[in-house]
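A short worksheet on the structure shown next.
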Amino acid sequence: MQWGSLNEFLAMGGYGAYVWPSFGATALCMIWEVLLLRRRHAAIRAALHQSAASVEVAS
Amino acid sequence: MSESRATWTKYSSPQAFYPLAGKLIPWFAGLAMICLAAGLYIGFLVAPTDFQQGDSYRIIFVHVPAAWMSMFLYVVMAGWAAVGLGLKARPSFMMAQAIAPTGALFTFLALFTGAFWGKPTWGAWWVWDARLTSELILLFQYAGVMLLHASIDDLRRADRASAVLALVGVVNVPIIYFSVRWWNTLHQGASVSMTAAPKMAATMLSAMGIMALGFWMYSAAVALMRVRCIILERERQASWAQIERGA
Amino acid sequence: MLEIIDVACMRGNRVLFSALNLTVPPGVLVAIVGENGSGKSSLLRLLSGLLPREQGRIRWNGTDIDALDDDYRRHLTYLGHLNGIKDDLTPIENLQISAELFGDDRSSASARGALQAVGLGRHTESLPTRVLSQGQKRRVALARLWLSRRPLWILDEPFAALDDVGTALLTERLSRHLDAGGMAVVATHQAIGVRSESLRSLRLSG
Amino acid sequence: MLEIIDVACMRGNRVLFSALNLTVPPGVLVAIVGENGSGKSSLLRLLSGLLPREQGRIRWNGTDIDALDDDYRRHLTYLGHLNGIKDDLTPIENLQISAELFGDDRSSASARGALQAVGLGRHTESLPTRVLSQGQKRRVALARLWLSRRPLWILDEPFAALDDVGTALLTERLSRHLDAGGMAVVATHQAIGVRSESLRSLRLSG
Amino acid sequence: MSQAGLSAVVRAIVRRDVLLAFRRQADVMTAVFFFVIVASLFPLGVSPEPAVLRMIAPGVLWVAALLSCLLSLGRVFTADYQDGVLEQMVLIPHPLAVLVSAKVFAHWVVSGLPIVVLSLLLGVQFGLEGEALGVLALSLLLGTPALSLIGSIGAALTLGVRGGGMLVALLVLPLFIPVLIFGSGAVSSTVSGIGAEANLSLLGAALVLALPLAPWAAAAAVRIAVE
Amino acid sequence: MSQAGLSAVVRAIVRRDVLLAFRRQADVMTAVFFFVIVASLFPLGVSPEPAVLRMIAPGVLWVAALLSCLLSLGRVFTADYQDGVLEQMVLIPHPLAVLVSAKVFAHWVVSGLPIVVLSLLLGVQFGLEGEALGVLALSLLLGTPALSLIGSIGAALTLGVRGGGMLVALLVLPLFIPVLIFGSGAVSSTVSGIGAEANLSLLGAALVLALPLAPWAAAAAVRIAVE
């Protein structure tokens, strides 16, 4: 383990301003994509529910 | 022969593909999380500081896997497109459509992390180097495929048109790469060259490999999630999709 | 002979028609009628091979049209909603070039003859088609039929924009085509005045 | 009241008609008939002020339409060969926006009502107009008439591409318009089924 | 008879055109991508060296913006002309020049504004920094509306004159040249430390001049086109 | 049934398209004028200094040629698509790829060839001389047909698509880039005395590759468009 303290870890040898945005952007994008997809899936399912319900009412 | 044909048609119909994809997703997602956790652990806590670049080199652990995925996913997308055109199989087109956004995302990430690496190492956010330029063009190609698909109302037409484009583009990717590289070396000396990156220690390499594997699993999981959405959206009125509403 | 077997057509999640069966023997004109949006144009595009079909078979003289490909197209004259003529060319140029492309009689005399037959006088002959009226443009497109020797005609609302004279001329041409053993599939909203023995009608119910 | 006095129309060196006189009193529909190319469309464009006129006068309630300018246009609904709708918008959006532009009733309820009146069902309402059939597109354009309160309608072949149901619907709307004291000038190739007292006809002889 | 106020009509036109643009989202993206791609062609065609790029950057970015504006504008009237919406617009009982301005404004919002924003990013890729970057964006903010306005004349003229269309549009390009010179001049004078005020105020003047005149000319051209 | 030989049909298509181009003469002029104007914008936007101009000349002239080709190409299929001529072409009983090639060839004759000729003039204006000028024209002679071929794919893919015009640019420009690099590379390496053979032969290879593949892809796209 090469990091003396959390601060040292966050500083990344003076390159923190470059390293963390890179990892942060990557993490954000990936999480965002997953969340978006789950929302999309849920929305379609809800829509299917509704249309199914209306079909049942109609018939 | 007839046997294998039967299985093929079984999985080439959306209603068979949908639950299959659903079963696969947790596996890929779990593997992705394990790999990413391990990769980050090795990358940040085990791998030593580079004596030339200092700790900025750690960007490599996202940059390179993202760059690899960006190119790999394009090829996979084009492959599905080819299968779709050849066999007229709808799920293949859906897979191609599902992969494109993830590919574009990784392309963007490669560019972004590359820029954040370039600033400390080269002193510039951007240079018109062969790799960078071809990566930028790859982003345009992804955008083209996605925008073309989005611009056509008729799904069947949209599928086939963007499949043709993806195929033409896959021919172009290596051509671009070599042409830009060649152009670059003609004009200027090797003032910037990524091959001059330091020889990497085994730990660095393994961290990078594990991260890449994690990205790979992530892409598979996300593509399958997206393809499930696409299937449901498209087959909205099909009776099996109605049944699926409870699942 | 054109056979349509169990054909279905789906556009944008909606089934326009399905299990459609139809046979067009020589000498017969099938009028496709139906409400707006019932799928007449789509059916004609299926028949001409422009719209790929997902279900059912279409056979020309016993062979599937997908297998025949160019050999099927060689027997076909299709005229859609769009006139398929170039606005910047004169009627006669338009006609001659399309004759050349489809391998019909391309002499300028017969092109001129066809234009006259369709009721376009000398003074329109040398104008760019762009300045012609709606109905005159349609006539230029229809003039192709006077040159065509092909057995199967697929026409989408050919009478639209035509006046009474134009309608009569076209009806007469259709009759001659049928008499010569030709076949025709015509989408239309109005009655077609050919001999009733050679007229059949298919209603799409949308 | 629309008065057309001694109007002539020349297109490309050819006089289409001259010394044309016509009066359209309230409650009257004038059907403009004539062969293809006789100048029907040109006359309508003259009347609507789209085509500048070189000779003669056109008066609206006694004043020259050139002098009235916007005040004339405020009384006018013109529908040409072209539908004047945006392919990328849905029928309902198209209708609402054009109502807004022309100061007609723009509530979404009345737009929906107009579409229903013109026979476009719910399932077409939310599709882009681009995918509709020829006749359905025409109906979207015609739906404007169900919102229009303007007294003068100028319609160029409104029945083209319509099926029988559509024709009946439009005829009924025209009759109501005339009954309410409206005027209409309609170029057409087919008979218009409004009450014969309110129907006049003008033949352009080409 | 019923009548809509002028402002309601203007709002409706702007709303429709923006709605249309968002309906075909791809369209908005495309104008922007076009700008980016054309700008990226130059490093590829000319030279990737940072010094050279910094020197040609103002000119290249301005030319790319100009072309992108020209091309996207060409479509605005054409589509309306072909589907008959334009002739309906002429019949709206309000001054046509105002209606044309509304269309041009909508066009600028959809395809000019994104370019202004994006120029900041591309400026960085070409090695511009600090003040020069700001002046680039500011010059485009003043310049692109002027381009849209002037371009609308050409776009309208191309409708009417059959065949000869494009030729007339080419007559409009010379009118773009002052805007281009002031715009890229502003940026390059900042780069070389002279200060951009003179060029920027000329650019502003061009915009103020175009604002009333261009819609008037474009409206006349539209009237000819629909006859 | 009666049938026309393939060569007669190809000739007829080429003849019609060239005839059409001459019918609207302005159209031919446009591609050419556009080339000239874009090329002339740069001295205005960038810098009028001869040394700078000579350096950027290969890139600028090639980019101008590329854009000009792109723009004129976008129109080729569109007109045919809208007036129904394209669906008739699909029904011609001959291989569609060959018919598409005929159209592309006609397009090149009308708008590529004039650019090749004109580049000699513009090259002189940018201070190119002797061999460089010859290489410029030669590179365009090899490159513009390749551009037309590749561009036809994009043009066909965007038929009937919302907001087609600019989308073409997005789809096609990435595919144009190798041609641009080899083309401008040939000229600039001549200017700097390295010799252009390598670049020229790559350009030739690109043309040879595009010749069979592009019409095939474009034909597939046309079929999709008319369905």
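Labels A, B, C, D, E and F are assigned to the chains in the order they are written; within every chain, residues are numbered from 1.
Operating definition for what follows: a residue touches a chain if its C-beta (ideal position, glycine included) is under 8 Å from a C-beta of that chain, and two chains touch if they have at least 3 such contacts.
On a predicted model such as this, the values are computed, not experimentally measured, just so you know.
**Q** Walk from subunit C over to subunit F along touching chains and report the minimum step count.
**A** 1
**Q** Taking each chain's centre as the mean of its C-alpha atoms, give the chain farthest from subunit C.
**A** Chain centre farthest from subunit C's centre: A.
**Q** Report the inter-centroid distance (CA atoms only) between subunit B and subunit E in whole Å.
**A** Chain centroid spacing, subunit B to subunit E, equals 36 Å.
**Q** With centres defined as the mean C-alpha position, give me the subunit A-subunit F separation in Å.
**A** Computed from C-alpha means, the inter-chain centre distance equals 44 Å.
**Q** Quick one: subunit E and subunit F, Cα centre-to-centre, how many Å?
**A** That pair's centroid distance is 25 Å.
**Q** Can you list the residues of subunit C that touch 2 or more other chains?
**A** Correct list: 11-12, 81, 88.
**Q** Find every residue in subunit F that makes contact with two or more other chains and list them.
**A** Touching at least two other chains: 23-24, 82, 162-163, 167, 170, 173-174, 177, 181, 188, 227.
**Q** Spell out, as numbers or ranges, the residues of subunit A touching 2 or more other chains.
**A** In subunit A, no residue touches at least two other chains, as defined above.
**Q** Spell out the residues on subunit C that touch subunit F in their complex, using ranges where they run on.
**A** On the subunit C side, the touching residues are 45, 48-52, 70-71, 73-76, 78, 80-89, 93, 97-98, 100-105, 128, 149-151.
**Q** How about subunit A: which of its residues touch subunit B in the complex?
**A** Interface residues on the subunit A side: 1-3, 9, 12-15, 18-19, 21-23, 25-26, 29-30, 33-34, 37-38, 40-41, 44-45, 47-49, 51-52, 55.
**Q** Which of the residues in subunit F come into contact with subunit E in the complex?
**A** My answer: residues 23-27, 29-30, 33-34, 37-38, 41-42, 44-47, 52, 55-56, 58-60, 62-63, 66-67, 71, 82, 162-163, 165-167, 169-170, 173-174, 177, 180-181, 184, 188.
**Q** Provide the residue numbers of subunit D that touch subunit B in the complex, in ascending order.
**A** These residues of subunit D touch subunit B: 128, 130-131.
**Q** Considering only the defined contacts, which subunit E positions touch subunit D in the complex?
**A** 1-4, 8-9, 12-13, 15-16, 19-20, 23-24, 79, 82-85, 87-95, 226-227
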